[in-house]
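Before any comments, here is the structure.
So that you can tell them apart, the chains are marked A, B and C in the order they are listed, and the count of residues begins at 1 in each.
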Amino acid sequence: MNETILQVKNLHTSFFTDSGQVMAVNGISFNLEKGKTLGIVGESGSGKSVTAYSIMRILADTGRITGGEILFRGEDITKYTERQMQKFRGKRCSIVFQDPMTSLNPVFTVGNQLMEAIMLHTDKRRGEARERAVEMLELVGVNEPRKRLKQYPHELSGGMRQRVMIAMALACEPDILIADEPTTALDVTIQAQILELIQSLQKKLGMAMILVTHDMGVIAELCDELIVMYGGRVCERGTVDEIFYNPRHEYTKGLLRSIPNINNMKERLVPISGTPINLLNLPKGCAFCARCDNAMKICLERLPDEISINENHKASCWLNIKDMLAAGKEVEERAER
Amino acid sequence: MKNNENGMPMKNPLSLQIDLAKFAPATEEEKRQQDVMSESSSFFRDGMKKLVKNPLAVASMIMLAIVLLVIIFAPMIVPYGYDQIISVEGKRDKGAKNLEPFAWSEMEQAYIDKGGKLFPHIFGTDAMSRDYFIRCVYGARVSLFIGLFASLIVLVIGVIWGSISGYVGGKTDLIMMRIVDIIYALPDMLIIILLSVVLDSILSSNNTGIVARLGSNMISIFIVFGLLYWVGMARLIRGQILAIKSNDYILAARSIGARPGRIIRKHILPNCISVIIIATALQVPSAIFTESFLSFVGLGVQAPMPSLGSLANAAREGLQSYPYKLVFPAVIICLIVLSLNLLGDGLRDAFDPKLRK
Amino acid sequence: MPNGNLLEVKNLKQYFTVKTGLLKTASLKAVDDVSFSVGYGETLGLVGESGCGKTTVGRSIMRLYEPTGGTVVFDGKEVTAQSIMPLRREMQMVFQDPYSSLNPRMTVEDIIGEPLDVHKLYSSKKERRDKILGLMELVGLNAEHATRYAHEFSGGQRQRIGIARALAVNPKFIICDEPVSALDVSIQAQVINMFEDLKEKLGVAYLFIAHDLLVVHHISDRIAVMYLGKIVEIAPAGELNGNPIHPYTLSLLSAVPIPDPKTVRKKNRIILEGDVPSPMRMPSGCPFRTRCRYATEQCAIECPALTERGAGSGHMVACWNR
């Protein structure tokens, strides 16, 4: 029933820049099941986009996967050749980027780009590809699709462009869709349209989706499961309800507290203190410890293990371990890494 | 949590290994130590660090330093002049024509046999019995001087023109840029030839000082650089200023109440200085090349003053018998131009904000 | 209204000419006939989607653009091109992008000190330095960082530097142009709290421009909603949230993603059809009518004016049908 389609195991990705090694992703693991939506949430520099780009292997020149495996139906794609990757991208796994302005080529028409994407991965001819392109544009709710095919990206509005991008990503019916902040660059009313579109398309096509975003509101709408990232590591994972209503990592708690919300309009916000972590200089303990109000001495020294809170929820926070110890439970320790 | 990552069963309960005292709250001080900011560094220091790491740039800097040391100190050490026919004990040595490197003429050999001491002709001598090494050194001096001076002219005119055009914008910009376009369309070699003819008659009356030593051709090269070659620089600076102007910090400076002069001085120029330096560094070799080319076709410095181009030109005649006479100035031009170009590229890699990683 | 407003904007118009062809130009009505006021120590939120002209309103008030029409009265004096220089000591601006709004070649000290230099607000080097360190402390920056360059800081810290620069001249009024939208949520909350603290401590008034309704709600006393160059609704924050009247405000409020999965599942959302029309091809009459589900023929003929709903409520709406 629940077929695992993508498995990420202990992924490490770094960027080798002039100022040193930026450790963007430091050992994250997750499974993606068919037809499910996995949200990855975190602030800038948490490694959420880099994780997505690592799966597509579209990192910038300085970036490199330094460890771990990415298994697509059991095959490790980190070992794929560039040629195999080209087949993988688009056909097996597609990505929708944040900025629809820059992800479409301004010198080609929309139709040209859509048809090229279709013809690259199927043996359809031009005419068939055009029909398929029209079909796709209809599917993503673009009005007058035949007319749109002849238009250039700059003639379309931001929302329209994002629809075209989604159409392009879905044209070859990929098994996995990665959406990297798909609505961040859009206005709220357009964002609502696109979110609804993504939701209905996923139901219709039954693909698995990874949604990368910083917006807890978007997560609440679209996701089944959720990973909270900080400093390139997973803080907490679980079903959306578990994470929102029973957060067990100090960062998740702080994140949820700091969002202004309709019900606490006149109350003072509770921010997370401090500044984002410096990825050039990761502490040896928990990445969040410098900003954590309840940090303990052990947090500074050692990484916490991931502990199961219940079958739908895991968290990596020493406070949970402390609670378990206090409750007299036996906690077994992992070997020193 | 019975197994660890490798599926190994774990036997040690945590409670036996971890000191419970470690679950005490961490102090603010301890937390602050975790939050390290990278070491402070300015843009310039960053760039220098990068430049020093670039082996090609370092090699070319060393090369240029050697060339500079030689052309500054060689004339003090070598006892020959660039326009001086070799003489032994006050007598002109007619037999010292076209000597090979480190060879002696008969008269010199006789003098040495007698126990006298002479400075070797490192590169040999030329057809007029002059020491070729010192001529090459002076040639390199002239070429470098022209390269630097011409670039300076280009820099000054280009920066002023480009900044005004870019900052003021509107109609002024339109007119100034059309002038640039027109100048771009002029054939530069033709103008140099025409100018040197005209200037020759004007300058020949004034036969003193540097004008006479360099000759009217050289002066016309400077004038041509001043008139024509700044347009590339002006365009570059204008583009740069337009890009910088769109930044919010310019808007912020305006909303603070800063006047245009201050905005140009404090905000715009410091942000395009790296581009200016890079462009100038790359302008020098191109000017040297132009000068060498002009000297080679006979429009360069006035004899007997050598330049690397005119030396190469003179060497053409005896190319069959004395190929090394062409090789020396040609290699020097190559070395200078190549190391300046590599240094310019290195500067760009190190300082251009667009190329930072 | 009594004459006690810090800022009165009346019929402000800002048109731009845009090249549409080789010789053709068109007029873009970025701000079209906008009027509002801000009281002493008050925060007025200005919300709208991209391209609605909210940023242009701020810049026209600052005279970074020369307005096409209308008047701006600040502290009882009309603002003109001539009188703006002294006013730059009373009115300041905080920008959206914490990366491009700070000069990368200047140290924090020089950035914050620039307004002091421009207006000659010190008599000795020591006084300048003391003032700068005071400002840095006020916005929660570490004094050790004074000699560092702006690019070494994170987004939130950079925005603090920008705020300290705006505060250097001790202004009565600060225009905040999307000051938190480029920041992470956890940092956003820090900066919002700081704006609130500064208001309390220094009594400054804000024009808080943003596209994020939740943020604006949180910080503002009153909120104005803009659509295509016009204000469509203006009301006290609680009133706008509890009783939105204009159809655009309604859909804007319902479109905000709520970080609460259970509420989301229950929620019935008004999703607006279509896109914002291009400001180059403005619809006749009410600008919102092309996407409005209440639109009637009258909406296409004439643009509704802002009228008060309920005497003394301060809730003004520009709509024929609601």
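Heads up, the rule we're going with is that a contact is a pair of C-beta atoms (placed from the backbone, for glycine too) under 8 Å apart; a residue touches a chain by one contact, two chains touch by 3 or more.
Keep in mind the model is a prediction, meaning the values are calculated, not measured.
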Touching chain A and also chain C, the following chains: B
Result of counting contacting C-beta pairs for A-B and B-C, higher pair: A-B
Mean-CA-position distance for chain C and chain A (Å): 32
Whole-Å gap separating chain A and chain B, where each centre is the average of the chain's CA atoms: 49
Touching two or more other chains - residue numbers and ranges from chain A: 275
For chain B, residues that touch 2 or more chains besides their own: 37-38
Chain C partner contacts - residues on chain B that touch it in the complex: 37-38, 40-43, 247-249, 251-258, 262, 266-267, 270-271, 353
Interface residues, chain C side, partner chain A - complex: 49-50, 154-157, 184-190, 192-193, 196, 211, 213-215, 217-218, 237-238, 241, 251-252, 254-262, 264, 269, 271-272, 275-276
Contact set on chain C toward chain B in their complex: 59, 62, 64, 85, 88-89, 92-93, 95-97, 100-106, 114-115, 118-119, 147-149, 151-152, 162, 165, 169
Of all residues in chain B, those that touch chain A in their complex: 1-2, 4-5, 8, 10, 12-15, 17-18, 20-26, 30-38, 46, 50, 356-357
Residue ranges of chain A in contact with chain C within the complex: 43-44, 157-160, 187-193, 195-196, 214-221, 240-241, 244-245, 254-256, 258-262, 265, 268-273, 275-276
